[in-house]
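Starting off with a structure, shown below.
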Amino acid sequence: MINKSLQTKNSSSSSDPYRVAVIGASGYGGIQTIRLLRDHPGFQITYLAGNRSVGKNWSQLCPFIPLSEDLVIQPVDPERIAENSDFVILSLPNGYASQIVPDLCSRNLRIVDLSADYRYQSLDQWSQAYSRESAEFKRTDSDIFSKSVYGLPEWYEKEINRAQLIASPGCYPTASLLPILPFLKQGLIETTGIIIDAKSGTSGGGRNPKQNLLLSECSESIAPYGVIGHRHTSEIELIASEIAGTSIQLQFTPHLVPMVRGILSTVYGRLRDPCLTAEDSRTVLEAFYQSYPCVEILPVGVYPSTKWVRNTNKALISVQVDTRTSQIIFISVIDNLIKGQAGQAIQSLNILANYPSEMSLPLLTSYP
Amino acid sequence: MINKSLQTKNSSSSSDPYRVAVIGASGYGGIQTIRLLRDHPGFQITYLAGNRSVGKNWSQLCPFIPLSEDLVIQPVDPERIAENSDFVILSLPNGYASQIVPDLCSRNLRIVDLSADYRYQSLDQWSQAYSRESAEFKRTDSDIFSKSVYGLPEWYEKEINRAQLIASPGCYPTASLLPILPFLKQGLIETTGIIIDAKSGTSGGGRNPKQNLLLSECSESIAPYGVIGHRHTSEIELIASEIAGTSIQLQFTPHLVPMVRGILSTVYGRLRDPCLTAEDSRTVLEAFYQSYPCVEILPVGVYPSTKWVRNTNKALISVQVDTRTSQIIFISVIDNLIKGQAGQAIQSLNILANYPSEMSLPLLTSYP
Amino acid sequence: MINKSLQTKNSSSSSDPYRVAVIGASGYGGIQTIRLLRDHPGFQITYLAGNRSVGKNWSQLCPFIPLSEDLVIQPVDPERIAENSDFVILSLPNGYASQIVPDLCSRNLRIVDLSADYRYQSLDQWSQAYSRESAEFKRTDSDIFSKSVYGLPEWYEKEINRAQLIASPGCYPTASLLPILPFLKQGLIETTGIIIDAKSGTSGGGRNPKQNLLLSECSESIAPYGVIGHRHTSEIELIASEIAGTSIQLQFTPHLVPMVRGILSTVYGRLRDPCLTAEDSRTVLEAFYQSYPCVEILPVGVYPSTKWVRNTNKALISVQVDTRTSQIIFISVIDNLIKGQAGQAIQSLNILANYPSEMSLPLLTSYP
Amino acid sequence: MINKSLQTKNSSSSSDPYRVAVIGASGYGGIQTIRLLRDHPGFQITYLAGNRSVGKNWSQLCPFIPLSEDLVIQPVDPERIAENSDFVILSLPNGYASQIVPDLCSRNLRIVDLSADYRYQSLDQWSQAYSRESAEFKRTDSDIFSKSVYGLPEWYEKEINRAQLIASPGCYPTASLLPILPFLKQGLIETTGIIIDAKSGTSGGGRNPKQNLLLSECSESIAPYGVIGHRHTSEIELIASEIAGTSIQLQFTPHLVPMVRGILSTVYGRLRDPCLTAEDSRTVLEAFYQSYPCVEILPVGVYPSTKWVRNTNKALISVQVDTRTSQIIFISVIDNLIKGQAGQAIQSLNILANYPSEMSLPLLTSYP
C-alpha cells in the first residue's frame, strides 16, 4: 500500500515532465532506458549514476545517443538521487539494488527495479534462487518485499499504479508468461507437463565482456545453457502458480542464439478440453489482450520472427493446437531489451505517472 | 534382399577404389558429397550429373573445391551412370529421385538416396507426407519400397550392408532420433508426450534462392516454421514407432536459426522410472553408442554447441533429468549437411562397400 | 524549371497532409518508404502499386507493419495514380521507372525516383552505365533528363525544391560523396588517385532471392564484387566532377559484408596542402555540414560503426590525416536503406513539400 | 646462423615424430596449433603450458578437440620444456615471449614464435611499434634479433630452414604482403601511394573477453580501427621495403567484420607500366607462386570470398587492372587463424624439420 505523500505527488497537476534518475547507465538496460526516456514528453532524465563510469560524460560513453544536456555520471548516492528526481529506474546487477532500495524507499521515491531483487515474495525465496548473490550481498530488507509489485503491466496494472516499488520482470518470464497466463487463469490447460523452450539473443547476457558471448564463440552456433535449474524457472513458476491458483512446476530450457536482440519462447501445454481448436485458443488470447496495445495476437498459422518486434515494446503471440496429441503450442516473441527489460520498466513508469501504459514506447519495427 | 550379382560385385577383391556417380551436384548435398568423396581412398568420383548445370565444368561451379579430374556435368542418364559407376549417390529434390531409381535398380546399381522418396514403408505413406510432390511426380514404383533400408547406420548397419537402396535419413530425424531411440527400445520413457524442439541453420533450406533464406531476412532473427505437420514429424514417428514396438505420435517444432550449419534438437520425454538419474541415463546412451565412433555422449552437465560438430560427421549428445518433474531432456547436435546429410550417406556407402562405417569422414571440428 | 500548376499546388495553404503514391511496395525500398511515411504527419499514403503483388492486401505482404487503412496493391496505372496522389515515390527496378515517368510528368505529378534512370545528364550516359537495362527497356524519354535533379539534399536543396523529378542517389554514392565533396569543391585534395573502398550489408542487393545473398552463402564471408566498372563508379564520378569543376576518374570497390544494413565507405585522397591537419579537415567538414541535421562529423580519432546509424537517416563522418604520406582518409557510414535510399527520398519529398528536410525522419539509433 | 648441435638434431634419421611443446594453449592461436598438430604424422605434442589454465586438463579446456593423451597444462618452465621437446611453438601475448625466448635459445631449442616480439630487425624498432608492451616488459635481448627470421615461407624458406628462431608473421601482413611482394621485387608498381584496406573477422582480436568483440557489439556492424598507426603498418612496411630494396611508406586501414574467421585485403597500387594488363599481372603472380601450394592465383575476374579459404592454410589472390587510372588492385584472402597464424607457424615448423612446407596442413575448405 502506498503512502500519502506519494499519492499527493502523483496527482500533481503540473504539466512539467517528471524527473527520472537512471542508476546503472552504461549497461544495455541503462542505454535502452536512456534511449527511450530521452524522447518521452512526460519524463526528463535529471540524474545518471553508475559505478565504473563515475565522472565520465554520457557523450563519452555513448557518442551515438546524445542527450540534450550532457550529464556526468554520478556516484550512487540516495540523498542526491532524492534531491534530483521523482522516479528512479535501477539497472544494476542482481543483489546490488537491494543495497540502496531501502534508503530510496525511506525517501518516498518511487522505484522501478530491473533486477531480480524484489521479484519474489520473500527474502528466503530470493536467496534460494540467487544463492551466489545471496552469499555476496548481506540483505536485511525482508520488509521491503511487501511493498513491491511484479511489473508485468498486462497483469498487474492496478497494483503497479499504487506501488512504491516495481520489480520489473525478467526477459524470459515476460516472453513465456504472456501466452500461458490466460489459459492458466481460466483452467484451460493442465498445470503439469508445461515445457518452455526459449531462445535468446546475446544481449540478454549483458555488456560486461564474457568469453562465451564473444562473436567468435557464439556466432555460427546455438547451444542450451542452464538446463534445469535456470533462475528464471522459479520466477516463471511463481507467477504462473499465482495466476493458476495452484502450485506449478514446469520445464524451462534457455538457448543462446547468434543474434543481438530478441527472445522467442516456444511453450508446450496439454489442453484440458481436447475439442478446443486453434481458433478458439486464439480467441481466448485475443479476448484477454485486446485492450493492451503492447501485446498482439497473430492469425492462426502465422508464426512470428523475433525480427518483427526488434526495437519495439511489443509481444507477438501465435497459438496452434495439434488435435492428434491435444498439445497446445504457443509462440511468443519480444525484444529482450525493450519489452523484456527497459521498455517494460517504462511501461510501469508510465502507469506510476498515470500516463497511458504504452506512452512514447515504440510499437513498430523497422524491417529488415 | 540383395541379389546375387550385387553380392559378387561387392566382394570384389580388387584394391581399386569403387567408382561413384553423384547425381545432383550443385546443391549443398552434392557439394558436401563431392568434398568428402574426393579425399576418400576407397571411392573415386567418376560421373557427375545434374539438371541446370549440364555441360558446365565442375571447376566453374565450385572453383574452391577442385577435383583431380575436372569433370563436366552430365545429364541424368541411367545407362551412362551404369557404365561409369559401381555406386550412385542421389542428391535430388524430393520426388525426382523416384523417377530414375527403378531404372538404376534394374541395372543392379547400389544407391544411396538423400531424398525422402524411399524413407517410408509404402508409396501411400510417402504420398501422404509429400502430397505436393505426389501431385507433381507420377510414381509407379511401389515395389521398390521393399528394397530400401532406412540409412541410420547406428541402428540399421546390417540391413544397410545387404541393401540395394539406402534411404538416407533427414537431418532433423537424425538429430532427434539418435538420443531417444535407446530409451524407446528399452522402454525407459513414456511413448506419449514426447516433444522435439529443433533448431536448424539455413543451409538445411538448400541452395536454391528463396526469400526467407536471404541473409537480409533471417539474420538477427529466430522463427519457427511448419509448427505441427512438418514432414519430418512422420519420418521421426515412423522410426520411433518401429524401435519402440508401438505406435508413437509426438510433437516436432523446427526453428530457423541465423547460422549456416548445424542442428540442435532439444527433446523432452517423461521417465517411466522416476528414480532414473542423469548419470544412469548417460550410461544408457553410452552403453548403446560406445562402439559407434560417430556418436559421442557428453558428461552430465556439459551441453554441446552446434559449433562443436561443425564440418564433422559426429553427433554429440547430452542428457539431463529434472527430478522434480520426472522429465528427461536430451540435447543433440549435428552438422546438418554432414551427419544430417552427405556424411551419413557416405557412412552408408562405406557400409555397402564393407569399409569401416566412419572411414575417411571428419570427426573433429576446427574451432572457432 | 517547374511549371505553374505545380507551384500553385505546392503552395496550398491547406493543412491536410499531402497524398503520396508508393509504386513498387514489396521490395526493401518500398517497405522502408511505407514504414517512414506512415508516421509522417505531413503525408498520407493513398495508393500502393506493384507488379507481382497486385490484388494482395498490404497486411498480407507485411503483417508486422500495419497501415491505418489496409490498402490493396494496385496495378501501375498513371491515370489512377494521378487521381489519388500529389506526389509519387517510385521504388522500381532500374529501367522500369523510365516507362512510366514521362506519363506521370505529363500529369503534373512530382516524383521522387529511387532508381538510377534519371541520375545521369543524358540517355546516352545512362545507356552506357546500364547497358543491360538499356537493351531490355526501350527509352524515348531523353527530354525528361533536363527536368530531373540529383536528390542529394545537402548539395542540391534549392534545385530539389523547384524540380518536378528527383533522381534519388544510389546508396554507395551517398556514403562516398558526402565526405569528399567539400574537399573537391574547395580544391583541397587532388582530383586523381581517389580510392573508395566501400562495404555494404546484404539488403543493398534487394529482396528478390538470389543465391549469392542467401545467409548460407554470405554469412561468415566478406568478398568484393564489381571490381572496376561497378555502375556506381560513373554516378560518383559524375557528381564529383560537377562539384570539383573538372573531370574526375576514381577507383571504387564495393564489398559484401555479412550484415543486413549499413554501408561504410573508406575514402582515400591526397592532400594538396601537406600541412592540413586532421583537425583542420574536420573543421572543413563541420563548416560545410553544420546546418544539415542528417550529417554529423565525429571528433578526430572517433571512428563510426555502421551500427551507430542503423535505422536512421543520418550520415556519420570521420576524417584522419597521415602526415607521413599526406593521405587523407575519410570514414563515412549510413544506413543503406534509409539515408542511402528511402529516407533520403523522403528528405527530397519534404523539400518538395516545403517541410524541413529532416521532418519525421529518424536520426537516432537504438543500440545495440 | 644456426649452431652445430641444432644441425645434428635436425638431420636425425629417426622416423619418430618430433616432440613439440605448445606454450600458450588456451587462446585461439594455441587451440589452432594443437588442432593442426594432433593429426600431423611428423610431430607429437608432448608439452602444453599456459598461465591462467595451469593444472587443468586439456579436455576440460577444450572438450571438443580431444588429444590421444590428455595432457595437463604446465607452467612455463624452460628447463622442463627443453626436457620434453625438440621444437617449441609460442602462442603468447606480445612482450611475454621475449621473457623466455633467450632461455629457450640457450638450450638449443628451435622456436616458432607467433608473437610480434622478433618480427623487427632491432629492439628499438620493436619498442617503437609496441610502446605499451615495451613499457610493461623489460627486454635485454637485443642480441636475439639477429637469430630470428621472418617466417613467411613463400619468401624466406631457406632462411627459415637454417634459423633457430622464427618470428611468424602477423595475420594482416601475411594477407597484404603476399600479393604485392612479387610486384615490388620486380619494380612493377610505384613504391609510394600503396593503400591497403583490410577486413578481418573477430577471432583476430583473440579469445580474451573484450567488450568490442561481443557479438552484441560487433554483429550487424562494420567499423575501422587503428586508422593510421596500426602496428601492422610498420611490419608490412619493413618487409615491403626489404623486398623492394627501397624504403616504403604506405597506408593500412583495418576494419572489423561481423564474422569469426578470415581476412580480406584489398590492396591498391599504381602500375609503372600503364600497358601491363590484368592477365599480365596474373602471370607475374602465377610465375612467382606456382611452386607454392599454399598460395593460389585466381583467374582474372574471379574474386575470392574469405569463406573459400576458411579452415585452410591457403591464400587466394586475384588481381585486376583499371586501364583508365593505371591502378592495380589485388584481392587477397586467408584464414587469419591458419595461414595468418597457427598454420603458417606449422609451415615454418615443417621447414625446420625438413618436411614439405605444406605437410599435413588443410588446403581445402568445406563449403558453405
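Of note:
Labels A, B, C and D are assigned to the chains in the order they are written; within every chain, residues are numbered from 1.
The rule is short, and it goes like this: a contact is a pair of C-beta atoms (placed from the backbone, for glycine too) under 8 Å apart; a residue touches a chain by one contact, two chains touch by 3 or more.
Given the structure is predicted, the values throughout are model-derived calculations rather than measurements.
Interface comparison, B-C versus C-D: the higher count of C-beta contacts falls to C-D.
In terms of the distance between Cα centroids, chain A is separated most widely from D.
Chain centres here are Cα averages; for chain C and chain D they lie 41 Å apart.
We define each chain's centre as the mean of its Cα atoms; on that basis chain B and chain C are separated by 47 Å. Annotation for chain A: residues 28, 201, 203, 216-217, 219-220, 258-261, 304, 368 touch two or more other chains. Those residues of chain D lying in contact with chain B across their complex are 28, 31-32, 35, 39, 62-66, 203, 219-220, 260-261, 298-299, 302, 304, 308-309, 311, 316, 362, 364-368. Looking at the complex, you find that chain A touches chain B at residues 192-193, 195, 197, 199, 201, 216-217, 219-225, 227-228, 249-251, 253, 255, 257-262, 264, 266, 268, 270, 303-307, 310, 318, 320-322, 324-325, 327, 329, 331, 333, 368. The touching residues of chain B, counted against chain C in their complex, run 28, 201-203, 205, 207-211, 213-220, 258-260.
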